[in-house]
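First chain written, first letter: the chains are A, B, C and D, and each begins at residue 1.
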Amino acid sequence: METIIEADIVSQDNEAREKALKADYAALGEQLSRRGIAIDDILARVRAFGVAIPSWGVGTGGTRFARFPGVGEPRDIFDKIEDCAVIQQLTRATPSVSLHIPWDKADPKRLKQAAARFGLSFDAMNSNTFSDAQDQKLSYKYGSLSHADAAVRRQAVEHNLECIEIGRTLGSKALTVWIGDGSNFPGQVNFARAFSRYLDAMADIYAGLPDDWRLFTEHKMYEPAFYSTVVQDWGTNYIIAKELGPKAFCLVDLGHHAPNVNIEMIVSRLIQFGKLGGFHFNDSKYGDDDLDAGSIDPYRLFLVFNELADAEISGAKGFEPAHMLDQSHNVTDPIESLMLSAVEVQRAYAQALLVDRDALATFQDDNDALMATQTLKAAYRTDVEPILAMARLESGGAIDPVAAYRRAGYRQKVAHDRPAVASGGGGIV
Amino acid sequence: METIIEADIVSQDNEAREKALKADYAALGEQLSRRGIAIDDILARVRAFGVAIPSWGVGTGGTRFARFPGVGEPRDIFDKIEDCAVIQQLTRATPSVSLHIPWDKADPKRLKQAAARFGLSFDAMNSNTFSDAQDQKLSYKYGSLSHADAAVRRQAVEHNLECIEIGRTLGSKALTVWIGDGSNFPGQVNFARAFSRYLDAMADIYAGLPDDWRLFTEHKMYEPAFYSTVVQDWGTNYIIAKELGPKAFCLVDLGHHAPNVNIEMIVSRLIQFGKLGGFHFNDSKYGDDDLDAGSIDPYRLFLVFNELADAEISGAKGFEPAHMLDQSHNVTDPIESLMLSAVEVQRAYAQALLVDRDALATFQDDNDALMATQTLKAAYRTDVEPILAMARLESGGAIDPVAAYRRAGYRQKVAHDRPAVASGGGGIV
Amino acid sequence: METIIEADIVSQDNEAREKALKADYAALGEQLSRRGIAIDDILARVRAFGVAIPSWGVGTGGTRFARFPGVGEPRDIFDKIEDCAVIQQLTRATPSVSLHIPWDKADPKRLKQAAARFGLSFDAMNSNTFSDAQDQKLSYKYGSLSHADAAVRRQAVEHNLECIEIGRTLGSKALTVWIGDGSNFPGQVNFARAFSRYLDAMADIYAGLPDDWRLFTEHKMYEPAFYSTVVQDWGTNYIIAKELGPKAFCLVDLGHHAPNVNIEMIVSRLIQFGKLGGFHFNDSKYGDDDLDAGSIDPYRLFLVFNELADAEISGAKGFEPAHMLDQSHNVTDPIESLMLSAVEVQRAYAQALLVDRDALATFQDDNDALMATQTLKAAYRTDVEPILAMARLESGGAIDPVAAYRRAGYRQKVAHDRPAVASGGGGIV
Amino acid sequence: METIIEADIVSQDNEAREKALKADYAALGEQLSRRGIAIDDILARVRAFGVAIPSWGVGTGGTRFARFPGVGEPRDIFDKIEDCAVIQQLTRATPSVSLHIPWDKADPKRLKQAAARFGLSFDAMNSNTFSDAQDQKLSYKYGSLSHADAAVRRQAVEHNLECIEIGRTLGSKALTVWIGDGSNFPGQVNFARAFSRYLDAMADIYAGLPDDWRLFTEHKMYEPAFYSTVVQDWGTNYIIAKELGPKAFCLVDLGHHAPNVNIEMIVSRLIQFGKLGGFHFNDSKYGDDDLDAGSIDPYRLFLVFNELADAEISGAKGFEPAHMLDQSHNVTDPIESLMLSAVEVQRAYAQALLVDRDALATFQDDNDALMATQTLKAAYRTDVEPILAMARLESGGAIDPVAAYRRAGYRQKVAHDRPAVASGGGGIV
């Protein structure tokens, strides 16, 4: 397997940190064993945990007001794959890449080789009918899969079928459909008619799905449409998955909900009714801010993983969620943000594994709200950093991925090779 | 039919206003006929429209901080029925009353007689498992239909079955179930287990439903539970209605949603999938404020009725929504607020009937967002007050219900008969 | 004065509508006179009312995901001025244009001539330090007036001083400063130090303000910064205006507030403490959606104007608000949206003038909440369209601006002259 | 000093936990020393930190729907003081009690003795004009300090002056004024006139303030008023404090803000402009939920304390915030909730003390957003439980306050002495 960052640099950085790590790991291990938890079991599960990197996440994002690119921005999907390889090399938590078509369109075989070089695989394929591609015949200005014009819907369906086709070659096993369809004004669309058109178009896509694939639909409250959105919430998303069939599942993006919504409860409902497809992880304070996972409300991320760990441990039927980061990195080096975000997701998972579930169930049955919530807090409060760092170290990554990355001077190196991009237009997430 | 307000007072007040009303009605009729609308058709539909009064709405409401009762507060359900009769006499828009058990518990036959005296009928029955009644065996402190203890759930189921039994005698045809079950702390309840228990208990209630009854479940985002609520949104509500069966429907309270949520779209979805049961009308700015219908965002109320009128006109399958006001009158005379709220609901309905639906559909198909939204605005902007006033006049009500009510001095009269209530504890909605 | 739309087309369209308008105007006049209001007084005030057009508003807007341009997009500020002239010709409600520098940078004398040709004047100047201009030395990626680096702050100050200089030549009398400065992560900036730097930089700009100019600062809760924003709310904005001095005022954009915030109350506070500078009108459902004024919540717009009319009538000290539209037209013809939005703002003003303020004050003093709110509703419910249309007709505009505009085929004509723009990058508001 | 819980029980419980605590404390100490932090310094500061208990917090709270009392509810202020003494005995973090008048009205000398017995002192006095007391002459139904009627305002002013008088005897040094004044309907009050009346009334209260007292005003977005609130946000609160004078300060309740608002930034602004009075700590997910501090979003609590620690360390002028819990305990034993909430507040303080402020400032100046936010996270992630537990142990409290409390059987004991209270009316916070 090729690596991009020189192994020496990583091991030098690790050496300087290993002693402290071992001391912290031992102390934590002792504390956990007092709580009846074997730290090595947690370590093993953490090492097995992965989250996909979205290809578009390694470029600097932006807003409708401006985009301020950094140096060494990836020029194409092959540069992006290299950036993803760096993330995986240092964190060992991101074994796969999720592509966006047509942005990442290239010869599928070349793509496969490029990823295989670094041991990366391909996660869910993402179609794009929320913007117009350069050579596109009909515009998505007024919608795509729900458009009033059948020809536009057909074009959007075919684009999705093409994404499946590409994905088959790449070894992907899922298609994620997120559309921007909706309206900016009351009356602009008839909700029922638009949704019927959407369901019909999705049925056509579903019909083209290979047997071993899954179809993920993603709801979002608003943006880019500002009055109504066709797939506006999990209620609509659930109806879609039910109407389409057993291979259709709901994708949850943490930033796509109304203010104050209890997201972990939605996760629970989707698990209970067999329709949780997976996640787009990120964090947000206001809208779909697409900030780094866990950067604003880390306890919320933990509570989501509390549901996931509960389902995993209890063996919920059909439970096999896909994990992906989906963020916009406007003011940080995207590689650094993605490394730490993958770690944050891992952290929430590790903390959720520490929950004493038997005690929790007893407190719940006894209506002992205080001790029930303290049971979660006891797990959340635990500083699991030594476990995460040890997982990286044992898997060949870096104890401190950002430090190793900066030490290696990767950004400066690619800045040399990759010419500067013009500032301006909005980024994407 | 008995009336409470002296007929002379109403007719005197009407006489003083009739000339102006007729001029306004004629001018509006002329304007509408230019727009291709026969004003008398609208008048006829408005006259046929009714909204139920909740028995608890005629008492002064309050908050957890205080309740400031007015004078002449109703002492029992029989006083409440008299207040409802006044509302109906003056507005002719509120032909039925919705009871809350055990608050309104009384000899069903006496109840039926009391209402029949004023030509009032009984709308949906409301059960109460969100507070503890005085003689209640087990407490609902930690939930009712979703409680961890089967005995508490059984008690709650039986209470609902009793509500159905009472309703049968009264001629009601629906049971509305709203519960406060939920949690105040992460971990306090297991979402999936609690929801399973709820569904099982509801299935027991559903089994006791007469053939010609409907079961309405009402979702609410939060309050009285402040971290999670069992029936938190329309997604969960839809699942409930699907799981229970064809007599189960979703009730929409306008104040029970997350901030910024597009409620009219939820209404559309529930109509499209045959699960809209009806409404609890009110208005709100922050949470479940239970303010008077249309007092904060009258355009939103219109947009909801735009969906209802569209479904009515297009003959949506199984479309038969129940309309009820559900408000808390903390600083106004409840009778006055309920009269004007019923009128506001009627107003939204009348405006929605004015929408040029053929033009709208064409603009929608042409992606002419501007003209589509203007088509709604043209209807909404129309001052339909002359139609509403004429509907009241022709049905035997008051052109200006508040003026007639004040002229009649009803509140002062009942203040004399009904002793003052102590200030203090929270009101209810 | 030159006009762009042929006079014949407008008068033909008006002729077809004039008879109905006169009938409606007469009927409304009669109704208003019964309410003690002289319709011609309202007409006169409406005719004197104007709202500025933002130069950037006539181009199609977009989101971070995509921009879908229409045909005939303005190529430069001179095309934009022509589009503004069309809006003013047909509505007679938009006598001025507000420029954005550097987007609209051109020879000031030529600009002045271009506007004067159509009788347009220049409203507030807008600086731009939320994106990087092409030839800019230092980047605003990490802020402008609050940037940690003094050189960046200096550059931003000088840009603002240049805007003042350009504005002096054009006859503008105000500078509007809106910045995107803030942070995406807790800890990224020190709130207090950043705000001190901002205040110092603003003091430098204030020092360069001519005696007869005003300085408007605009607050916004979030976007483009997603964790904190330097001028995040009216509290901070008020402090700025107080610290800077008597020529500094607060600008209120209706879309820049937290969910559920009572904006009309903020307007009242700013009036009461002498610091209301003016408005950026638009409407929104979720965030800073920049939808057409009055398209989502027209009653809220009325309630804002209720405060303005109250201040105007009562002669509030120093009350001289600047009115401007600030919207993003993503799915409509921007000219059409701006025409109707100007009309909506006028409508709210006209309705607010109808409020019976003596009766209102009496109801308020008597704690008669119901009649107080009905007093507002009585004004709001009035269909003032005949007044607005008559104001346009008498001022030389179009009874139905959109109909006249479409009849004239302006968009098709400019589509011919102005080459198509590439799709893509985010729009701006 | 008297204690209520038997010393033996506490020491027995401590003994069983002491060994593990010492091991954890040592391991943490070693880790912190690697980070350049002396754990004993942090311990000393934590031991010196205290937060006041609100007298009303020890009773079970409720909502407008219901209140479900627990057993052993305190019957009067003397029972409440005993409950507060238990909290202080076990946590050693709550040395003072905050009274609410007239709820806690009693002979001041007896009050002082009752508190002194347990070493408790009195924090800020709280007046109550949001509900009507039994013997009250004029009602606050339509407001108090901003009421249209001067006699009502006078009554409210005198009540506040009486609170000051009582507080003088008790040794309190501050008055907290929170009112429910506002409106439920647009137009119900004139914002400017109501605020002028409020300011005049507050000036009368301010005039009665002893020289060494402070006056705290508390803003709240909504509830009990649901359209507008007189002191609705920190902007209005800041104006009040400025208008009144140097002894007037703003109180921040964490649950009184609009959705998504950045509260830590408001805290920073108030510190920067010398007007932060103190806090009412609690947590919330939806509105003013009054949940236990840190139970929903512990990182937000940390970010608030990050501002406080920064101000403390940098010696911000006039910085002397008052800390109080203000919560509603609806489903837990209030004593348990208050103990753990005090600990949570302490925890956030301890974590904030661990922030490497020099590194943070450097990252901020370098626009290194990633490392800046990681600097906060490194502090937050640290499990400081050993420090908090050690602080309790060394101060004579319990390592595990809830365990010791339950072991002591205090609730069962008082349940015996204090008769059961009727269920029903809303609780208060």
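In this text, contacts are C-beta pairs under 8 Å (C-beta built on N, C-alpha and C of every residue); 3 or more make two chains touch, one makes a residue touch a chain.
Here the structure is a predicted model, which is why all the values come from computation and not from measurement.
> Given the two chain pairs A-C and A-D, which is bridged by the higher number of C-beta pairs in contact?
A-C
> Of the other chains, whose C-alpha centre is the longest way from the centre of chain D?
C
> Taking each chain's centre as the mean of its CA atoms, how far is chain A from chain D in angstrom?
39
> Based only on mean CA positions, could you tell me how far chain C sits from chain D in angstrom?
Once rounded, the distance between the two centres reads 42 Å.
> Provide the list of chain C residues touching at least two other chains, using ranges where the numbers run on.
141-142, 183-186, 188, 221-222, 227, 259-260, 262, 285-286, 295-296, 299, 331-332, 367, 369-370, 373
> How about chain B: which of its residues touch chain D in the complex?
It comes out as residues 61-68, 130-132, 139-142, 180, 183-186, 188, 221-224, 226-227, 259, 284-287, 289-292, 295-296, 328, 330-332, 423-429.
> Give every residue of chain B touching chain C within the complex, in rising order.
Chain B residues touching chain C: 20, 23-24, 27, 30-31, 34, 259-260, 262, 285-286, 295-300, 331-333, 336-337, 340, 367, 369-371, 373-374, 377, 380-383, 385, 402.
> Which part of chain B faces chain A closely enough to touch in the complex?
These residues of chain B touch chain A: 141-142, 148, 183-193, 195-196, 221-222, 227-228, 232-236, 238-239, 257-262, 264-266, 268-269, 271-273, 299, 303, 306-307, 310, 360-361, 363-367, 369-370, 372-373, 375-376.
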